[in-house]
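Two complexes follow with chain A in common, the first pairing it with chain B and the second with chain C.
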Partner chain A sequence: MKANITRRKFMAATGGVAAGLTAFGATPSKLFADEKTVKIGFLAALTGDAAGWGLPGLYGVEIWAEQINAAGGLDMGGEKYKVEIISYDDEFDAVKATVGAKKLLFEDEVSIVLMLGITPVQAVKDFMTRNKMLTTTLVPTDISEDAPYLFAPVEVHPFYNVTAVDYIARNMPHIKTAAIATQNDELGLSSLATYRAAFEVAGIEIIEENLFGFEVTDFAPVVSKLIAANPDVITWDTAYPDYVNLLTEQAYLQGYKGQFVNCTLDQYEHIMSKTSKEFLEGFLWQFPDLDDPIMQGGGTHFDNAAAFYQTYNERYPGAWTAVSWEYAAALEMWRSAVSQAGTFDPPAVAEALRSLSPVPHAFGDAEWWGEDFFGVNSAALGKWPVVQMQNGKAVIVEMGDVRAWCDQHLDVLKKHFIELGVPLAG
Partner chain B sequence: MTDLELILQTIMNSLIASSFTAIFAVGLVLIFGIMQIVNFAHGALYMVGAYATWYLYAEVGLPFFASIVIATFLTVVIGLLMERALFRPMRGNLFGGLIVSVGMMFVLEVLVVYLFGQGLMKNMTPYFKESWHAFGIESVTISHSRLFVFAIAAFILVAFWLFMSRTRIGWAMRACAQNPEAAALQGIGIGKISMLAMVISAAMAGMGGAVMSPLVRITPQMGHPVLVTAFIVMIVGGMGSIEGALIAAVVYSFFHTFVTTYIGGEIATILGLALMLLVLIVKPTGIMGARESV
Partner chain C sequence: MFSRTHRNIAGLAVVLAVVCVLPFILRPYQLDFLIFMFINIILVVSYRFIAITGEFSLAHAVIMGVGAYASALLAALPISPWISMPLGGVAAAAIAYILSFPLFRMKGFYFLIGSFAAAEAIRLCWVQFIDPFGGFRGLRRIPVLEIDLGELLYIDLGAPVPYYFFALIVGLICLFVMYRIEHSRYGFVFHAVHHKDTLAQSVGVDVRRFRTIAFVTGGFFAGIAGAMVAHYVTAINPGLFGLKQMLFVLVWVLVGGMGHFAGPIIGVTVLSIIDESLRGLDELRPGFYGLVLIATVLFLPEGLVSLPRKVLQWSTWLWNRGGGTLVKRE
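The block that comes next holds the complex of A and B.
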């Protein structure tokens, strides 16, 4: 019997599907037709390993835009502008980031581009600079002297990781040894350098390290070796949310009883459902829930933080991660700069942004920092929370002073960055 | 934990990894042996098994074991459709089969994104939450979820071996794998045997995904690294050799797990590929592969 589907037919069909998918992927996520609109570009991973630090951020930006538009729009020079978010998925890939950046600048004509950092930012940095486009990253190791329009206005990854280790040193004197497992990429290595520096300053000895690649599907052997070293504290460093999830579950299943300190603990309710409330009790990390009492005023700069958190969780239950609020916080700062500049023109807004002092950071007043490390003061450095799991809920236990720590121990930090071959400037 | 306890723990970890790798790789080898098709969609079937189990168990609320059965049945149905519509016309056409299987892989991956969205992995609370202390040693622990994977894999592999070695249909499948033309001349229906091979292969992939779903990242691309491992196993074991795949799965899994534990996860992947190259240099046909006569 002759087959109904020949290879030619199949190729034509799959070719059509591929073309359709390409067209679908290249379509902006939202379209508006308002007369006075300011467009904001969002270029980060919406799929793939890094999606946990892209997609939840897009949700937050959309909520921020809705709140602005519901209030009549963004005020600039006495006129109201509707905010339109245009997003592209860069899949944490350099080529896709380049395509997305060109679309955002030349077709969509956005006023600012929000990005996650590392590979995609490095790929488009020169292009953004040549076109004088204001761009934000969540990773300050991206910033450099030759990129005057690139800012790290919110997250100072991985430097804030020192605050939780410093908290341990002051409050948990029984902790003397640490073990680290992390993903072997730019995020993991820069964070590893920071944890090494923080543990050295805290007088905690690192007795085991294990770097793993993205092809790892079974984390049991990674965790077995760490637990075998019998450390007082374990860190997964900066690992993708899914990895933290599985690594922590493995530690639970293999009977680990010690302390954890980590960069993130995204979707901790899920992790708790796989382990137990008791197991996660005391876990230290760096990203709060925005309904925390400390985030409601008192020197912080994220308007209606609790309402934002509530809206987010109602609309996207279980999707809250470290970045859910961060891109929105960058836009809050951008709004301040726009108000000061009286224009949406990216170079003018960049100049106004750089002139902000103090910088109205979500966690309190900050200052532009980075010249000693990156050659340019484009990272907003100030305070950063130390978060602890208490009775099944994230609680800010203190606001650590990242700036003071960096000023005091910059040489130690630099030493470990150089030892691991992590570039000091992007 | 003492050095001996760590070795015991690593052996336990290796056994679990071997069992899963074996059922996944054997399914892949079976299709290659019978149909001469390198099925790139095998990893996607594994992914479908995991997604279906997550959806039925964690979202719909069906019992865990019922979810596994339904998920396996679903992958078998998809496998049958693939065999009838894609693989049968391509039987013996290595390149054509490769193209259609890659296409099928993308179709299934896009389909789950369309149905279940994208972003972070799908979470499911494991049915088994406790661990077993192996040999009564407190620090040597294996979770019940992983023991379940081992038990299922062992059952499937033993049943498969009995089927292939003790039944007439199994003999017919082996005949088809060795020489399809000669098998056809003996009255063996190649089409039916191919369909049966696809049922078994898809069931192995789907059930593998189903039982592994509480332990791994459930994402549309979750089949990719597993597929790469299976290809290494298939090449090391000898293309088309089921016995070779079984031996290679154990060797590779033990090697990879021990290197991950004692040296590092990143190095393990590099050395795993180096192991494959070494085997190909020493024995180009793989451990159990037969030399082709011209």
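The block that comes next holds the complex of A and C.
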């Protein structure tokens, strides 16, 4: 068939396509012309080993933004702003985090950047200070005096781990010995220092410790060694979620009958399916389901906690983890600071955030803390729940007072950090 | 008309003109992307420099890290970063030289595994010896490069635009040196050692010596790349130079093509751009990235560098199939 396209037809068709594209492109701008938007940056691992503590958080932040937008937007100075989440996968890598921070701040012009912590935060720290980039971390030991725009507004890892041990000391007097296993990295070591301090204060003797490397794939010998010491309580410290799954499963297979206390128990339904409801009964850890009755008001500061939890589980079944709500909770606090500052300008919001007293933490009123530890009061420390497995469901059994414990036993805590060579500040 | 050399020089001049203009058009984030791409280009070309002698090392990312750590530690003494950076390269070359003794007693698969084990040993030293390496957290507050001539001139190379030009210049110097070595008599011996090592040995070539020279030279340039990362990011840790980074180096080199000097450069450039442009896909990104890799390996086993030749072959085939005219769709 002979092609029958003349120059005239070609020009007409091109003009038509161009006009169509222009109209297509113009329509959304016109529709949203009157809509003001505030952008929020999410700079954490969405792929790779640390994605388990990034991606579920992004899901949570997106649900939080949807809920805000559905209610008309974020209120600032009497005006409503739509919330837009812009994510950048830092792959838990310092170089990617550096590039991502620049993209989010200079290109997307975000008002706040939510980060996971450790390596990427360390890499971005000088940049955030130079450019006054308001940033949140889930790891308070990232905080240091030279980073005035870095806050740990929600998670105070590993300090809150003391509350469950304190609960054991008061409610389970038969527990006298403990055994610990975790991965040998910064997360594991800082948590180990905290557990050592908590057990020392509680009068519980640590009779076995095992710091394993990332090359370990068979956890049977690790668990065997712990069980052989016959401890009253076992902790996996702050092991990565996959490790907690495998270690707990091993303990079940090897017939361990004692108590567990741990930092996390992510996707516990999955662990239960590998072990049993009876085996996990009484397991203590630190991260509640947000549909817990204690989280519905009564001094806590996470709006629509149950609705958030329900939406999350409907949309991402089985994906709920320790961090699912934390980045969103950081935004809740940021919203309070924005409301007080009357602007989205990061330095002004940082100042407003720092002036909040009490700090409206998701688990109740808190105060900025850390001068005696990190050199600056940038971590919101207050109450933190002790969660127990009861009949196959996470139940908050107590709101432990982390701040009171830290104020009382700071020397013990610092001693164990120094002994393990874990830096106190970032 | 113009000779091939003239055309190549003209093409290179155009490319250089474009890369010199880019910093004034692009935004800081895009400049950062290009800066790390230049650094990665030094890394992969230096890797190919070793691989042309016939041995694939899994220690290259760690050797890069040696350069980064050495430069950062020296800068903390304090030694000017302008001096610590080349010394970082020297330290990396020195470690490569020490490693060459046990490693070049092995060949092929054994060399590969041996280099991996040696690299892990070094990496674990960074993790275990908190003093001076900083453990898992690594080193922070590494000084950025500055040009400080008092009242006369001050340039902070920590900013994207100056560092872009710095990375570009250092990158071009490194590439030029490696290109010249590869196309010298030494380079020909490297190729001979790869393809016909027994024959080369029979005519008096000390195969092990030449492999060591390539390993140490490649290590020096990898160290320079590491020092460049350290003084730009200002924070390094063992994770930056782990197996993941090493796998990326292998993928860039193999997808770009080992057979040509430009292959790894094309590999890094194309794959980095694809990776960055797929960012919007979040967790689906590695899947798409994987598809690109599989497609390249399936259809372009000699790497992307062979694409123009392949396209020409396919066009010729289509032309001939259509009886001298290009096949038209009905």
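General remarks:
Going forward, the second predicted complex is superposed on the first by the 391 of 426 C-alpha atoms of A that agree within 3 Å, B and C clash if a C-alpha of one lies under 4 Å from a C-alpha of the other, contacts with A are read in each partner's own complex, and residues count from 1 in each chain.
Operating definition for what follows: contacts are C-beta pairs under 8 Å (C-beta built on N, C-alpha and C of every residue); 3 or more make two chains touch, one makes a residue touch a chain.
Since the structure is predicted, the reported quantities are computational estimates derived from the model, not experimental observations.
In the superposition on chain A, contact of A:220 is made with chain B only, not with chain C.
In the superposition on chain A, contact is made by A:107 with chain C only, not with chain B. By the touch criterion defined above, A:46 reaches both chain B and chain C.
By the touch criterion stated above, A:266 is placed in contact with chain B alone, chain C being left untouched. When the two structures are aligned on the shared chain, A:88 is found in touch with chain C, with no touch to chain B.
Among chain B and chain C, the chain that touches a larger number of residues in chain A is B. By the touch criterion defined above, A:170 reaches neither chain B nor chain C. In the superposition on chain A, A:55 makes contact with both chain B and chain C.
Taken together, the two structures place residues 46-48, 51, 55, 184 of chain A in contact with chain B in one case and with chain C in the other. Chain A makes touch with chain C in their complex at residues 1, 46-48, 51, 55, 58, 87-89, 92-95, 98-99, 102-103, 106-107, 118-119, 122-123, 125-126, 184-186, 189, 421, 423, 426.
Interface residues of chain C, counted against chain A in their complex, comprise 27-29, 32-33, 36, 127, 130-131, 135-138, 140-141, 160, 229, 232-237, 239-240, 244, 279, 282-283, 285-286, 330.
Every residue of chain A that touches chain B in the complex is listed here, in rising order: 3-7, 10-11, 14, 17-18, 21, 46-48, 51-52, 55-56, 184, 210-218, 220-222, 224-225, 227-228, 230, 241-242, 245-246, 253-255, 266-267, 270, 273-274, 318-319, 321. Taken in their complex, chain B has these residues touching chain A: 1, 5-6, 9-10, 13, 16-17, 85-86, 88-90, 96, 99-100, 103, 106-107, 110, 113, 118-121, 123, 125-126, 129, 131, 138-139, 141, 143, 145-146, 215-217, 219-222, 225-226, 228-229, 257-258, 260-262, 264-266, 269.
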